[in-house]
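Both of the next two complexes hold subunit A, though its partner changes from subunit B to subunit C.
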Partner chain A sequence: MNEAKTLPFEKKAIGKSPWRVDGIGLVTGTAKFTDDIFLKNMLHAKILGSPHAHARILEIDTTAAEKLPGVVIVLTYKNVPRVPHTTAGQGYPEPSPYDTFMFDTKVRFVGDRVACVAAETPEIAEQALKLINVKYEALPAVFDVREAMKEGAPIIHDEPDADGIHDRKHNIAAHYDVEIGNLANGLKEADFVFEEEFETQYAQHCALEPHVCIGYLDDNHRIVLRTATQVPWHARRIVAQCLQIPVNQIRVIKPRIGGGFGSKQEVLLEDLCALITVRTRRPVKIEYTRREEFIASRTRDPSIVKMAIGVKKDGTFTAIDQRVTSWTGGYGGHSLTLLTNVGSKTLPFYHCKNVRFWGDSVYTNLPVTGAYRGYGATQGAFAMEQVMDMIANKLGIDPIELRKKNHIQKGETNPVFAALGEGKEGHDNPIESCGLDECIDRAAAAIGWNTKHRRYQKRDPNAKIKRGIGMACLMQGSGIAGIDMASARIKMNEDGSFNLLMGATDLGTGSDTILAQIAAQVLGVTTDKMLTYSSDTDMTPFDKGAYASSTTYVSGGAVKKAAEACRDKILKVAAEMLKEDVANLRCENAKVVSKSGKEVPFPNIISRSLYGQNQFQIEGEASHVSYVSPPPFAAHFAEVEVDTETGQVRVVDYVAAVDCGVAINPKLAEGQVEGAVMNGLSYALCEEMVFDELGRMLNPSFFDYRLFTTVDAPKIKTILVETYEPSGPFGAKSIAEIGINGPLPAIANAIYDACGVRMKKAPFTPERVLAAILAGK
Partner chain B sequence: MFYQPNVIEEALGLKAELKDGGTFIAGGTDVVVLMNHGKAAPENFIDLTHIPELRAIHRHDGALELAGNVTYAQAGKLPVRCLALASLSVGGPGIRELGTLAGNLASASPAGDGSTALLALDAEVELTSVRGARRLPLDKFFLAYRKTALAVDEMITKITVPTTYRSDWSKNGKRGAMNISIVAAAVAITPKKETRIALASVAATPIRCYKAEKFLTENGLNAGTIRQAAEIVRTEIRPITDHRASADYKVHLSGVMVRRLLENLVKA
Partner chain C sequence: MNLHVTINNEPKDFICQPTDTLLDLLRREAYSGVKVGCSNGDCGICAVLLNGRTVNSCVVLAAHCQNKKIETIEGIANKDGTLHPLQKAFLDEGGAQCGFCTPAMILSAKELLDENPNPTDADVREAFSGIICRCTGYVKPIAAVLAAAQEMRDAKGGATA
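Take a look at the complex of A and B:
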């Protein structure tokens, strides 16, 4: 059953959980985050956010602010280049509309950029914001996508120089429609058709470290941006675009990062920092407050997902129709790809010949949405996996059996993969590893599915507090096929250690450690021999950035190849030294060993190469791109207690089993799963950005926006099901996102099992659950 | 200025002199939050944490006398069920070590956990100033939203709580830890079999439900009367809709919570 039991290599540096390469610095507090440096003469900048959800700026008078002692510069639309661009840090050309300007004459949500002040202290900058006199013409605003698409709704992007908007008159930023087979015929063939609509809410990533950037000029007057980003190269490119300067004038450095979850796949402060530092010739820092983080950074896109699934009595699917309408907020970064990802991560999962995916991503005057762990798949799984539960109940079969009968298997592909790519046609994606059945079986056994599902209610029908159990199956991807590229460079030092220089961006995930393990495995050394340095656009080669579950899989592929190139050079030198054929040599325990038993330690090899004969730097460099995106698969099970009188839902047990390919670092893999599950539980049960009738967020602080804490965590069991993914580095797949998609549907299905109500709108707050219970009576 | 008096008299003298310009601070768990949110900017602080006698807990016949600086952590160990449970439901351990019951009363938050438990217990406060001391039953203490009977020169020096009541506590929020309640409820039964019901987060201040109490006191406690009393509670309160929950839900929840608490008390 376990494909990974016969691996084509022996686990040495991988498959272990060594100390993180940045661990000591992190736990002792010596690790330097963006804000942990203090530069002489540094300015502090603050941003004036719009008080209106939708308004035209008729006039801005900054005279009083500029006169305030300590104010150095004030930026508005009047004194910056007007360049349409997207803040979405995606590969170039970005599949997002160019509908954003550094500053515009119009504001499109409460908190939208109006002006920026840089001053000697943050307090002066804050005070100066109050002295900026802005004359607004308030415009009618729209907050619901259904209203925004209607004829006569306020047009949010009426600026003529925006580019790439699908239908600006109906506020549609992006649209997609694709049909495989014949949906209408498929629905006719069905014995039952399930038509259901699901809706998810606005939420924020709540990374502990907010967006923060420090800009300064180096000795040669180039701009250096030290920034909390997931996308150093895209940030450099987008800043160059906004400022209309060459990329060679900018260096982006990513220090330690305090989490991103997608919110830092976005260029929000870097353009301002760069411009202020260029204009003032002084260092400058901008840091979002927690309030700004909520209202002016990026959020999860709420979505309405309408499903129609045709099914035969035996549980065969004849048609799947998925229609998505999602909120992109005031601007359209990620609009198209968030939309298509709802389908591309749920539709290929099940066998069905007739499939349609269609949808719109729609502007409103609410905060801008963007990348957030799961990236549409979370919303898609909520809908798809609840409908699966409904079908299983209607047909009277076990939800597990329905999934096992229909899910994609190793050796198969699905036409949806090629039809739904990154906002355009994608690549076929034959599945070469799938441990889903083992995930289902082991998780079901761990939670006691067979003795609990559909059984609780028979035991005590009159109980006020009811128990139930639910499950969901999931898939995500590993990077973006044919688009994401990563590269790495490894050079050998004279003591046999190595510098591992890579573009890959560790934003707190531990990827520096995982990638070091991959290199160490190739080179036959322990992980501590790898000196990692990542994400510096001057010093390390390119990487697409840390998003789309790509670092272990794509960047790991680059690191493995670079290590192999380096190893080949080591072997070549060793061959000369040992007078052996390269084919008879291998790297092991920091030595080169021959089949005949001869050996030479690494320091001797590099010493000869640097100081002795045929001198050169032993190093390897490689790039990697994958034309497949092997999905990790997962089965999640939740057991809940529902208080039918108050609507309170308590998760009492949670089991997540994930097919991660080969686990390079089991502890970090478990950490990703547990973190994502907690993230998902919080999203399912309590997180929600609430707005008033003017589009102002009512709970923009941790005082009022409730996240799950450790105390709220139920018992969570993580099961890593190892398979071998042939296209991955040492058989690995990426699993950073998949875990967040489970709690919504698994808990919803458990609530149904407990008390027979369907939660079609998230989050499942006590009030919403109670309303559903009362409506069902 | 940050004053650190060592005796009560000195603190009272400072307050009499500074009046509104001087803010008492003990744990700072309310006032510092208000400052962070830009809702308060005190000119002077009078720190009460260096006055040892304000930490004292004395036991008299049938009552506890809690001095003004008794913390939630201290109160969490007291043999008065609803007060102990309410105190342990406040914030996290760090907050409970710093935050004080008297501070909770003085800030008069509508969601005050300690305040609500004390209300159900017929607690009395001693308010002291340079002019002397006076005693006030707690149900006369809360006047309006964040307004109390404290005069500008007064300090809460004591809270008297009976130990003869049987009581219970329950709190419902969006999550389990460090929570602001959607509704919190305290119930108590006096030695004369009178019922007390107090609720948090359903009005401008923590409140008592007098009508329901009276009904139960007159009709006795049993499954039927408890259910009726819960209905009365629902008619007695008029909470507002906010981002935590709608008014209707808070009304419903209050009824369920009071009923369950009383049912448990009768069973026990």
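Take a look at the complex of A and C:
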């Protein structure tokens, strides 16, 4: 059962959960986040957001604001370069339309940038915003993608210099379609065809640390941006593009980050900070307020996912059709890749010869959507895994058995992988590790599936509070095959410690720690001998950034190779010292040990290398790209109580079993699952950004936008199912995102099991659930 | 206005504006372990102890703290630099992910354990109910508090659950 019983290595530094390498700072308050430095003479900048959802700026008069004592600079479209770009931090060239300008003469959602003021204090900057006189010509606005695509709808991007928009007349930012086999024939072969439509909502990441950036000039007048970013290199590149200066004029430093979840895969403040710093020669800070974080940062893209699945009586799929229409909001940064990810993380999951994906990402005059943990897979799983449940119910088979019969297995691939990649064709992705069946079995046993599913209602059909149980199966990826690159450098110090310099961006996940563990495992030392320093565009080598579940797998691959290169040099010096062949030597317990029993401690080796003979710095550096993206797999089970009189859904029990390959650090891996699942539960049951008829968000605060706290949170049980992924560092795959995709479908299926209603629109608020119950009566 | 307070057992005198919040004051004085999450009293991550009680420092005026005792995360470790059992437990259990809400959690837990050395899971949930954490799903922070409580009871050599 457990395919990882025999690993091809012995776990030493990995497979353990040591204290986080940044832990002392986090628990004593000495960790320095972006805003935790205090620069003298620093300016504070504030952004004027649009009050209109769609308007042309006819005139801006900043005279009064500029005259206010303490105001240092006011930026508008009149005095900044006009460079079409995307704020989405993705590999270059980005798969995004260039439809964004630092400031434009048009605003496309409530909260869109109009002007920016830097002043001596935040209060003065705030006051100055009120003195900016803007003359708007309000334009008809459109908030629903179905309306926005219609002939005659307001055209949101009519500026001629935007580039890469799929069909601006119909507000389609991005489109992708692909067919494998013959869908029509597949549907004809089916005994049953299930056609269903699902819709998800606007939601926000709610990282506790808002977007914040501090800019200043270094000794040589280069721009330093200390910023809460998941993408330091993309941030540097995009700022250089916006300001039309070379990247060598910019250094991006990523300090500790207070969570990102995708929202910080975006360049929202860095361009302004850089420009203000350059023009004023003074440090400047810009920090979003919580309100701005909701309306003007990034959000999860609501999506309409229409499924048509053809199935034989025996549960064999003959056709799968997925049509996706998603909201990209006012700008299209992640439009294409979010769209394709809906299909690329759900369609290859099940065997089927005839598959079609068809998707449009559509502009509206609502907040901009972007990367959010799960990245489209969340919306795809909501649809796919509910239809699976419907099929199982119709055919009278156990939902578990339907999945087991059809899901992709080790040793298989699926043509969808090559046909549908990251906004374009992808790479074939043969599956070399899959622990899904074990995930299903262990989670089912933990929650008591066999004694509960389809049984509660038979026991007590008249109960007002009904119980039910549901499940869902999931897959994600591990980085973006053939695109994501990471690199790392390791150098040895006199005491046998190592500096691990990584491009990889720890946004609070603990990646500095697990990458240190990977290096420590290779070098035969304990993790505390690794001094980590990550994500500084001047000091560390490149990394694509922390997104797409890539850090453990791709950045970990780079760290492992760099450590191996460093180890080889250690062994070479030791071979000279011990007069042994390198082939007989290994690193172990901070020593080099030979098969003959001789040994030499690391400090002696490095001492010789730095001060003795044939001196050189023992170090290793490596880059890593993977042309496969091995999916982690998961099975989630939810047990719920539905109050049929109020519509209130309470999650009674939740079990998430996940195959992430070898867990480098089990506690951090569990923490990723727990955090993702809780976010998913909160998203499934209560989180929703609500807008009025003018496109204004009605609940832009933690008081009105509810998310789960400890008193709402059910107990979650996490099961790590170990497999060995040959292409991953020490058998590891990703884990960060997959967990968020389960709660929507698992709870929806549980609600159905409880009271026979299908929740096709999220979130499952009491209002919506009650309406569904009443409609079903 | 002149303000006299005790911060982490050190007497301090500041000049502050009547409109300054306690959060403004602490961060200005480089107690940067106090974090800003919403400035609205909603998220709880700016919590500090005021006369032993957790308050959201963003909605407490500095002036209100005249002659009062303030504890921040910087003052929780022992004088010799060793960690408080709560801090150690957060590291042992993986209770801190990004760490942005960790100071507030540790301080809230300290208030709880100072009063109730033998808390239940529900007690810890109640103590944390005003704090939003997006990273951990609350699982490991709760486990950390229960583990710290156990360790503190063991250290006292007495009461068990």
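Note that in this section the second predicted complex is superposed on the first by the 777 of 777 C-alpha atoms of A that agree within 3 Å, B and C clash if a C-alpha of one lies under 4 Å from a C-alpha of the other, contacts with A are read in each partner's own complex, and residues count from 1 in each chain.
Throughout what follows, contacts are C-beta pairs under 8 Å (C-beta built on N, C-alpha and C of every residue); 3 or more make two chains touch, one makes a residue touch a chain.
On a predicted model such as this, the values are computed, not experimentally measured, just so you know.
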Which superposed partner A:711 touches (first subunit B, second subunit C, both, neither): both
Which of subunit B and subunit C A:766 touches, first, second, both or neither: first
Partner chain(s) touched by A:775 [first = subunit B, second = subunit C, both, neither]: neither
Superposition-derived comparison: subunit B or subunit C, residues of subunit A touched: C
Subunit B versus subunit C as contact partner of A:208, first or second or both or neither: second
Touching partner for A:703 - first (subunit B), second (subunit C), both, neither: both
First (subunit B), second (subunit C), both or neither touched by A:583: neither
First, second, both or neither for A:686, with subunit B first and subunit C second: first
First (subunit B), second (subunit C), both or neither touched by A:646: first
Common interface positions of subunit A, toward subunit B and toward subunit C: 701, 703, 707, 709-711
Footprint of subunit C on subunit A - complex, ascending: 17, 19-20, 22-33, 35-36, 38, 205-210, 256-259, 261, 287, 289-290, 507-510, 667-668, 670-671, 674-679, 701-703, 707, 709-711, 713, 715-716, 718
Footprint of subunit B on subunit A - complex, ascending: 645-648, 685-686, 690, 698-699, 701, 703-704, 706-712, 765-767, 770
Residue ranges of subunit C touching subunit A (in the complex, touch as defined): 30-40, 42-43, 45, 72-74, 76-77, 83, 87, 90-94, 96-103, 106, 124-126, 128-140, 142
Residue ranges of subunit B in contact with subunit A within the complex: 33, 37, 172-180, 182, 242-246, 249, 252-253, 256-257, 260
